[in-house]
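Worksheet: the structure to be examined is printed underneath.
A, B, C, D and E are the chain letters, set down in written order, and residue numbers restart from 1 in every chain.
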Amino acid sequence: MNFVSSIVLVDIALLAMLGVVAVAIIRLKSLFAIVMLSGVYSLVSATWFVAMDAVDVAFTEAAVGAGISTALMLGAMLLTARRVKTPDKAGARRWGPFLAVFATGGLLIFASTDLPAFGDPNSPANSYVGKDYIERTPSEVGPPNIVTAVLASYRGFDTFGETVVIFAAGVAVALLIGFGERALAFSGQRSVTPEPVSPDDHHMVLRVVSKLLIPLIALYAFYVQFHGDYGPGGGFQAGVIFAVAVILNALIFGLSETMDAVPAGAARAGAAFGVLLYGGVGVVNLLNGGAFLDYDYLFETPAPGSYDPHHWGQHFGILLVELGVLATVASTMIVIFYAFAGRAPEIRDEDW
Amino acid sequence: MSWFAEYLWAPAALADHAAALIVAAPLIAAAAVAMAPNGRFAWVMTLATAGFCFWMALSLAGDIGRDGLVSYALGGWAPPMGIEFRADALNAMILLLIGMIAVLACIFSLPAVEREVRAEKRPLFYSAFLICLAGLLGMTITGDAFNLFVFLEISSISTYVLVALGASRDRRALPSAFNYLIMGTIGATFFVIGVGFLYAATGTLNMADIAARIAVMEENRAVHAGFAFIVVGLGLKAAMYPLHQWLPGAYAYAPSFVTVFLSATATKAAFYALVRFLFSVFNPQTFPFAETLLVWVLAPLAGIAIVACSFQAAFQTDVRRILAYSSVAQVGYMLLGVATGTALGLSAGMFHLLNHSLMKGALFMAIGGAALYAPCSKLTDLAGAGKKAPWTMSAFAVAGLSLIGFPLTAGFLSKWRLLEASLDVGWMWAVAIIGLASVLAAIYVGRVLEAAFFREAPEGGPDIREAPLLVLAPLWTLAIMNIWFGIDSSLPLGLAQAGADAVFSGVYALTGSAP
Amino acid sequence: MPDYVLSHYNYWVVIVLMMVGLYIVFESGNLIKRLVGLSIFQTSVFLLYISLGKVAGGTAPILIGGGHGGDKSHGGDESHGAEGAHAVEAVDAHAGGHGGAHDAAHGAEHAAEILYSNPLPHVLILTAIVVGVATLSVGLAISVRIREAYGSVENDEIRAADISLGEAEETAA
Amino acid sequence: MADIAAFFAHWAEPLRVWLGTALALAGGVLVTIGAVGVLRFPDFYTRLHAASVTDTMGATLLLLGMALLAGWSLVTFKLALIWMFLFLTSPTASHAAANAAHTAGLEPIVGRWRGDDKSEDGA
Amino acid sequence: MLIAAAVAVVVSMALMLARAIMGPTLYDRVLAVNSFGTKTVLLMGLLGFLTGRPDFLDIALLYALINFVATIAILKFFRYRSFQIPLSGRGVGGSDG
């Protein structure tokens, strides 16, 4: 079986599913169903990314879009609402969106007629800078995973910015809904163990299994981290996985217990540390006489004309930078989860 | 241009990397500030960082004054492969503006933030401010289209939360911030779509490289659509009429320090990016459709913005909303200048941009200062404020006159130059609109001044007091600039002129490397 | 014409998805649903970018053969740099020898002939995904605060609450 | 002994590939049957039954097939891990969903099924 | 022949999706989405073999993990209406789902 055509088949099937999911979301009123389907949407697009050879993207989308986003939306729903209300008035509200959307769509279709054919290896996008990266990475940076090389070295400043975006999200959520400090107060109020809802409400299997799994997940996070040079993965994905381990712990063993083990303050420090580490690598390069984030200058100023076949500077630069990303992403995700999970519902906004 | 160099001297080691440091320093400092033990300490660090950024901006401006262009390859990777920071005189002007406003706003922030933000949140608040500052500086200096998106989002995300923090005073800050988030994200995503189309057509993300490559593609529909998406996306961020709906709410309900900083910088950075794409990436001389867009879309929109939003401002009862609507109208002025498509018009628009930052910064700062001890911004609340807080409100009056365009103020000169630019291309309607809008400005500023100076304070009104020195110092710095530049406009006009000349002489373009 | 459709259908589907996402944002009055629409819109834009970077017959941009994609001396080695290649080993590969695990599903091909998909859109979209989740979390945090302040996350009800508040203030003044 | 070794060397490789493919195919068929059941069965509890039973077995077969195809490498290990996760998830999820539905008061259809189940999304 | 297995998995995904969209109860959706996730994991694995690079199973592995955590999160969402309380065999809160 010709695998190119099989990929086309999968491509069409997945795109069709995406369309069905998206249209279904328009009609649905149950927020829970909407959130579930948006998770499905992310998941299907992640699968599609795999079919399109974008394994790193698929990795991130599966972890972030299908995992973290869904968890956050569920957490937010606990604090807000569970159904969408039907608006009283229609009319103008109906047609405005239609017009805006169709204008946008029309412009997009207009543009698409001049886009290069799908899969064209000679399109400008695939033949200029993109191709250069593939050809030059082995001799200039080193890692087999070109996405890692581009992400951390060629376009390292983008990634620095991206780390800061995540950090900013953590700062924003902490400023808006706190660090989950209310969880501690909440559990303090309920020091008496509450009555079980029903006799079959026990989860011994889950507890035992999770206890086994959580260290394994953390280990897997480090595998993804250090394997990022050779396969899909890297700091972001590893950070998310690490956060998932903590989130699982919180879900099974309780939030305040988890906050004793991984305090919010430590997570905050971790997030800041990641940004400082990333920026610090850049500053070290500056001090050694290179440009900001030029990892060739990580250890010393290279002699003019010298060539390091091992790319030690690049290698360790990428390693350190990805560690910074790991620290920030993992810590920020934990902070955000604490913030949402730790906010007791229906508390009026008396502070500030 | 040599008059730049004498301003401040930075050691070569710093000056060589000023382009990277001006963005990296606040990013790194933001992380450090988030760990600061208390608000005071965080404030000192923030002020130091803002000062450092201003210093680097001066140093960069000096370099640009000497060489015309600064290009910095991040990571040591030559441009199309790596990210480039590329700055000519136009960038230099905006960087200087943002740096200066950041320092002044930061001084103002100490008393303001202590009133409006809870103690344990202050370090994080300053951290968010620094992230926002870094985002704006990054947007201004970067020469890479996708990197621009990253910085756009850095500044946006921190802006959303800074606006939402106004909820401690008025809960309407929250829906405003949410609307801003939705609109801003749609705008940023439109920008990404546009960049995607340009990338599909050219295979590169470096703005100068894109410019060189699309110069031979004036018929490519993907390029046309990409252009449209970029203009809409950046227009949303720059509050270009009719994409400005997020602005009044966001400015009216944000904490006063945030409003001061944002009103003077945020839309300006986005406006710069818009100008950069309009003139340096899509050159109207090679792209007939770019010129069509300028004359037939942007110019009328600018005219409508000026009139409609001035009217709306005249009917508001809340001073901060008056000023917010006036901001949209002022963006219209800048756009009008830019839409003429001439060097004169561009310099007029940029000159007005500088002046508008000075006056809006001062106006919002004065309102924030006067209402420091009693959060209020209704017109009726301000009755008699001129007597209770003479220094604060007279600074407001100075900046207000500048906003109207009163002779001997900076606002007068920039409006004058806009008139010249309009006459130069024969737009009589623009002259009429500027005249009409000045009358409207006189009305809405006059309403505030009338309330503040010619009405008696009501019994039991809000506790308006003279602002402390930390407010008055930056406030009067701005107010004096408004007068100074109204008398001797050589500095701001020189900056604007240099920026416009740089754009039109194609300093930004790649030299000798046509594809 | 069929050729044209076959080479562009991807873009059109993606465009329809973007329109649906955008429509949800505009149409819905529920803040959470709007955020869902926003993330669908953004995800669809990601699909557009990845479509641009796909090379027909290409494979994921992870060099086969431990780091020397263009080097024929161990092109036939065909190991996934992934397996068994610890950092030290990979460095050895630069020097020459490389003994990784073998790949049964794949015949020996010359590394030089392997087509890779374009890595640049992947990098950009990685960044954009992260930016998207950051925006989403801030948006959710704001809607939680809105719920606490207004008791609702429906646009209409929030507006109504503000209008009634505004009127109350007007009459009081 | 040498005979046996040669025999294995000769047959093991194609056998492995064929067996792997066949197992994967069987898994695929099983999964599809389960999905049809989930779509066609009248109420939640019967659907749950269809999904949980076939999911676990189908996934096991598919993963086993893939493991055979991959040969002995890190891939096998990862497949084993995936299997472990799925094996844990499916029953847990089914249990959790059934438990939640039951406590929420969703009644199973007992006796003859007549027409569509019209219960709405309970929030 | 692997492609046939992949097609079977895709078909079952489509059927599950139909159930997830149709509902009619929330529990049907949970069931369908969870099962959909399982199938996606399998499809990702098969895609690895189809494209000849099975070493990208990490994605499937990751999603299997996420699916596990998501299931627990949904369980807590329904049964406890909170992410705070430990799953100690004793729960609190509403039982109306």
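Just so it is clear, a residue touches a chain if its C-beta (ideal position, glycine included) is under 8 Å from a C-beta of that chain, and two chains touch if they have at least 3 such contacts.
Keep in mind that what you see is a predicted model, and the values were worked out from it rather than measured.
Participant: Chains touching chain B and chain C alike, please list them.
Facilitator: Touches both chain B and chain C: A.
Participant: Considering A-B alongside A-C, which chain pair is linked by more C-beta pairs in contact?
Facilitator: A-C
Participant: Determine the centre-to-centre distance between chain B and chain E, using the mean Cα coordinates as centres, and give it in whole Å.
Facilitator: Result: the chain centres lie 47 Å from each other.
Participant: Express in whole angstrom the distance between the two chain centres, defined as the mean CA positions of chain C and chain D.
Facilitator: Comparing mean C-alpha positions, chain D is 29 Å from chain C.
Participant: How far is the middle of chain C from the middle of chain E, if each middle is the mean of its Cα atoms, in Å?
Facilitator: Spacing between the chain centres: roughly 20 Å.
Participant: Taking each residue of chain A in turn, which ones touch at least two of the other chains?
Facilitator: Expected reply: 30, 32-33, 53, 55, 75, 77, 108, 112-113, 115-116, 123, 125-126, 129-130, 133, 155, 158, 161-162, 165, 168-169, 172, 176, 197-198, 201, 206, 213, 227, 231-232, 340, 349.
Participant: Got the chain B residues that touch at least 2 other chains?
Facilitator: As it turns out, chain B has residues touching two or more other chains at 146, 150, 153, 157, 160-161, 164, 167, 171, 193, 199-200, 205.
Participant: Where in chain C do residues touch at least two different other chains?
Facilitator: 18, 22, 31, 52, 59-60, 62, 80, 82-83, 105, 120-121, 124, 127, 131, 134-135, 138, 142-143, 145, 149
Participant: Can you name the residues of chain A that touch chain C in the complex?
Facilitator: The touching residues are 4, 11-12, 15-16, 18-19, 22-23, 25-26, 31, 34-35, 38, 41-42, 45, 48-49, 52-57, 60-61, 64-65, 68-69, 72-73, 75-77, 79-81, 84-85, 87-89, 93-94, 96-98, 100-102, 104-105, 108-109, 112-113, 115-121, 123, 125-126, 129-131, 133-135, 137-138, 142-147, 150-151, 155, 158-159, 161-162, 165-166, 168-169, 172-173, 176-177, 226-227, 229-232, 236, 309-310, 315, 329, 336, 339-340, 343, 346-349.
Participant: In the complex formed with chain A, which residues of chain D make contact?
Facilitator: 88, 92, 99, 103, 121, 123
Participant: Residue numbers of chain D touching chain E in their complex, please.
Facilitator: Per the touch definition, chain D meets chain E at residues 21-22, 24-25, 27-29, 31-32, 34-36, 38-39, 44, 47-48, 51, 55, 58-59, 62-63, 65-66, 69-70, 74-75, 78-79, 81-82, 85-86, 88-90, 92-94, 96-101, 103-106, 117-123.
Participant: If we count contacts the way the header does, which residues on chain C are in touch with chain A in the complex?
Facilitator: Chain C residues touching chain A: 6-24, 26-33, 35-37, 39-40, 43-44, 46-47, 50-71, 80-82, 85, 87, 90-91, 94, 115-127, 129-138, 140-145, 147-149, 152-154, 156-157.
Participant: What residues of chain B sit close enough to touch chain A in their complex?
Facilitator: For chain B paired with chain A, touching residues are 17, 20-21, 24, 27-28, 30-32, 34-35, 72-77, 80-83, 117-118, 121, 124-125, 127-128, 131, 134, 138, 146-147, 150-151, 153-154, 157-158, 160-161, 164-165, 167-168, 171, 193, 197, 199-205, 213, 220-226, 228-229.
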